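Structure below; questions to follow.
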Amino acid sequence: MIDAGRPRLIALLHGPDRSGLVAGVSGWIYHKGGTILHADQHHDATTGAFFQRVEWGSSSGDPATEAAAFREYATQELGMVVSIALHARRPRVAIFVSQHVHACHELLLDWKQGDLPGDIVAIVSNHTAMEASAEHYHLPFHHLPVTQTGKATLEAKQLSVLRDLHVDLVVLARYMQILSEDFLCQVGCPVINIHHSFLPAFAGARPYHQAHTRGVKLIGATAHYVTPVLDDGPIIHQEVRRVSHRDTVGDLLRKGRDLEKLVLSEAVRLHLEHRVLIYENKTVVFD
Amino acid sequence: MIDAGRPRLIALLHGPDRSGLVAGVSGWIYHKGGTILHADQHHDATTGAFFQRVEWGSSSGDPATEAAAFREYATQELGMVVSIALHARRPRVAIFVSQHVHACHELLLDWKQGDLPGDIVAIVSNHTAMEASAEHYHLPFHHLPVTQTGKATLEAKQLSVLRDLHVDLVVLARYMQILSEDFLCQVGCPVINIHHSFLPAFAGARPYHQAHTRGVKLIGATAHYVTPVLDDGPIIHQEVRRVSHRDTVGDLLRKGRDLEKLVLSEAVRLHLEHRVLIYENKTVVFD
Amino acid sequence: MIDAGRPRLIALLHGPDRSGLVAGVSGWIYHKGGTILHADQHHDATTGAFFQRVEWGSSSGDPATEAAAFREYATQELGMVVSIALHARRPRVAIFVSQHVHACHELLLDWKQGDLPGDIVAIVSNHTAMEASAEHYHLPFHHLPVTQTGKATLEAKQLSVLRDLHVDLVVLARYMQILSEDFLCQVGCPVINIHHSFLPAFAGARPYHQAHTRGVKLIGATAHYVTPVLDDGPIIHQEVRRVSHRDTVGDLLRKGRDLEKLVLSEAVRLHLEHRVLIYENKTVVFD
Amino acid sequence: MIDAGRPRLIALLHGPDRSGLVAGVSGWIYHKGGTILHADQHHDATTGAFFQRVEWGSSSGDPATEAAAFREYATQELGMVVSIALHARRPRVAIFVSQHVHACHELLLDWKQGDLPGDIVAIVSNHTAMEASAEHYHLPFHHLPVTQTGKATLEAKQLSVLRDLHVDLVVLARYMQILSEDFLCQVGCPVINIHHSFLPAFAGARPYHQAHTRGVKLIGATAHYVTPVLDDGPIIHQEVRRVSHRDTVGDLLRKGRDLEKLVLSEAVRLHLEHRVLIYENKTVVFD
């Protein structure tokens, strides 16, 4: 029986497939005295790429050193691109939100419930709609409104907040400002956004109005990593819900809120559990 | 208790909403001795339009004359656009198909099962993949291949077949040729197509390849009325199914086949039951 | 075009079907100067029962008197059982909750968002987990723990709270005590419960453990009206979600929380919009 | 890049978990010159059991001998229960069907489409509804009606047919007779059944009638392995579909047909791809 109490490491690897990769990784872990808890691999027959997520219990007293050694091995010996995390280290998350607060509340409740394998460390907003709730949850609230001094000044303040808090992930929970390419270069961590449509349908502004005009029978929401091209980043998770001619734009907005909060919450959980690997503007999600 | 054996009429109405429309329609039917079996109405608050589907049992011995009288009343007195059908008259359906035969087989099995409130009267194809099955079901099979004589000649032959058979509906069950605007003008009945994506995402050719490239997490299928603008007609029904990075394009094609056949079959059933009303390039589906 | 600003009435009717019911109801409303906004009827061919929901804009200055007159008419002249509500009167809701707070939070956020056509007026709990949040939302919190003095005493206190607040609906948002038949007789308003399984599978205690043992591939949640027979009342709404062998009981609990909160929230909304009619231990939901 | 043309082996293993299992299996394959194409493992934290599906390309000219050697290794050295299949060997399937033919047709069309990794070799029926279609597909049709000579005689004939055809899987595609425990002992291969409800709700006869009486809002279908206890065997796959008060029992039957055929078809495909492992009356499905 396996001891769940030992320190755990999680590695995400990808690179050109060749014989012996699974044997190499599992053999390395076995010889270090580790025990594999989960391992999932994927071979993309089209591109010849190999992807793996492996999670193991370490028997060494120093998991950080073991992580470094594994990275060295998988990079040098196996030719893989490696990302490795210590399970015990909880990632630090900042939420950006504007006046639509449902997705932000969902993340806060997930966190309080213990369902989020990370910690929310700040709420950043160009509005004050979340200020009282942030206080209720004893969370720092940074009110950074859009002003005449311009986007560059605003983003500089945002980046300063994120750096001070050592943030590992930024979540745009219906944050209605477009982040500049410069911001994305400097932020130094992934940014996850929730788009309120089934991308690539209805990219851009007012997707529920677009959906209503087109007369679709399903509406959707899409969580994706943010890239400089608007609404075009790698998709992490999507859901849809049935609508009909009876639904006004207001009904679509209401139904969409449920979709948005669930899809974003699931995407953030998948990311924080180190289940998402980005590859050629797509994701491999080990769920 | 209502006598289910009496002749039934089904009317679809739409026009500008005003007080007394429901009372007018139901009063007219009541005074003719009819009994309403189903009635469903919709008021579009944005445009001020009224939509109704009403199905009633007639006590007159001549439902065709009653239908004409109702149309006269609803048009003249209520200002409605009216479409009216006798339940006993089974619409005649022609299926167009190319080499992908799953959606065509689904319709044939629905029909044989008694689930289709209409009759399939012919299969038209530019391939021979369905020839033996058509014979098995004792159905006329028209092999009209695409030849060097050109699309106009081919479409003239197709139109001739449809006219000879007095067809009420053409169903494109993965028919891989684009119908010309001229064909659509002359065909004289609705044409329903199945598109193998969640429209408006991935319109045009090879949608599963497009979906695979974009890395979406759901694939879909869309049944719609055909209009001269490709993949842009009023949507009748849509469904999606979850996919992952593990799915090759081949897997998407296989999963898509199930979606396509179910979505098309449902759309055809809804149309043949007179449940679909077209309005401003959208549909009102009374289900 | 219809004036949305006029007072609105909503009637739910059911009784034995006969000719002229739709004409009678719509004619009555028309002659009073009312305008039908929505009307939906259902004829149950098996039992010969008629069901209708009709919502209209009144032109009288006294909608309460109009409601009484309509009830008189539909009862006496049409032989219907009638329930009628003024749209402007917001129902008053009390939430009962124990230590699992996700479904309670969902209802509170819906209410704050403006998605709940009623008002939450109190939280009643045998635990204190919701106390701080109730205070944050400026809501009365009644901590009524289960003590040695017994269930009868506890329920008497609960009934007293409900009477003082003139409650129209009690929602059991994961309230883990069984209400006595005596309580249900005296409460004088409907009680909606969320059961954490796809009823009738896994009625009773620890349904996720039961589901895990049976190895089902979908888990569900069921919102239903409470009757003296445990988990047997009329079902309002149900949803399911896919699970696999990878899901531990803990994972089922987490996935179940999302189901529970969404299903309960939808059921409460449907009830408060007067869309649910109870008939022979089943519901007719006009959505 | 991996050569897809080499012979492939697929192994399913389960047994008590311990360190080194993944390394052992992947190392064995690597040292034989094999290349892992897919590998998926699962550790059940509750029971301490390990489950694995591993599929590899063999470089030996004799995959049958390699399979035997692997079985020997995994059984003796790793303490696993092992099932191993050669990808090139297509399992032989017999379909049992009564008068409801939709699920049988679905399997036949899947097979003809090339979506079924096995071969249908016979249809056995107590009715003649499928006789003409069997002939159309050039398939042996065995009409074995239920007669006064009794179930034992009938089952002896069925077993004789199955033995003569060297059948690897029996699929009950709406076969309405209960198979005896004696038959199940002697059949010598798995038997998959489609039950027309979301088990464990509505086990036994006439589940759609049961569902209609209970007033559920979703109906389902369940594919499971047959065991001597009726409707209690390990569940392979389940799906549900929304229904409402508008649906008569006839509508539930129609909607159910789509569910049944899709769920059974998916379960058969999963089984034939060696993705299903039975464990404690549950399944582990590696999909």
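Assorted remarks:
First chain written, first letter: the chains are A, B, C and D, and each begins at residue 1.
Operating definition for what follows: a residue touches a chain if its C-beta (ideal position, glycine included) is under 8 Å from a C-beta of that chain, and two chains touch if they have at least 3 such contacts.
Please read all numbers here as calculations on a predicted model, not as lab measurements.
When every chain is reduced to the mean of its CA atoms, the largest separation from chain B belongs to A. The two sequence copies chain A and chain D touch through a face in which the numbers common to both exceed half of the numbers used overall. With centres defined as mean CA coordinates, chain C is found 37 Å away from chain B.
Residue positions 42, 45 of chain A each touch two or more of the other chains. Partner chain C is touched in their complex by these residues of chain B: 1-2, 4, 17-23, 26-27, 29-30, 33-43, 45, 48. Within the complex formed with chain B, the residues of chain D that make contact are 102, 105, 109, 113, 115, 132-133, 136, 254, 257-258, 262. Chain C makes touch with chain D in their complex at residues 42, 44-46, 51, 198-202, 214-218, 220, 234-240, 244-246, 248-249, 281-285.
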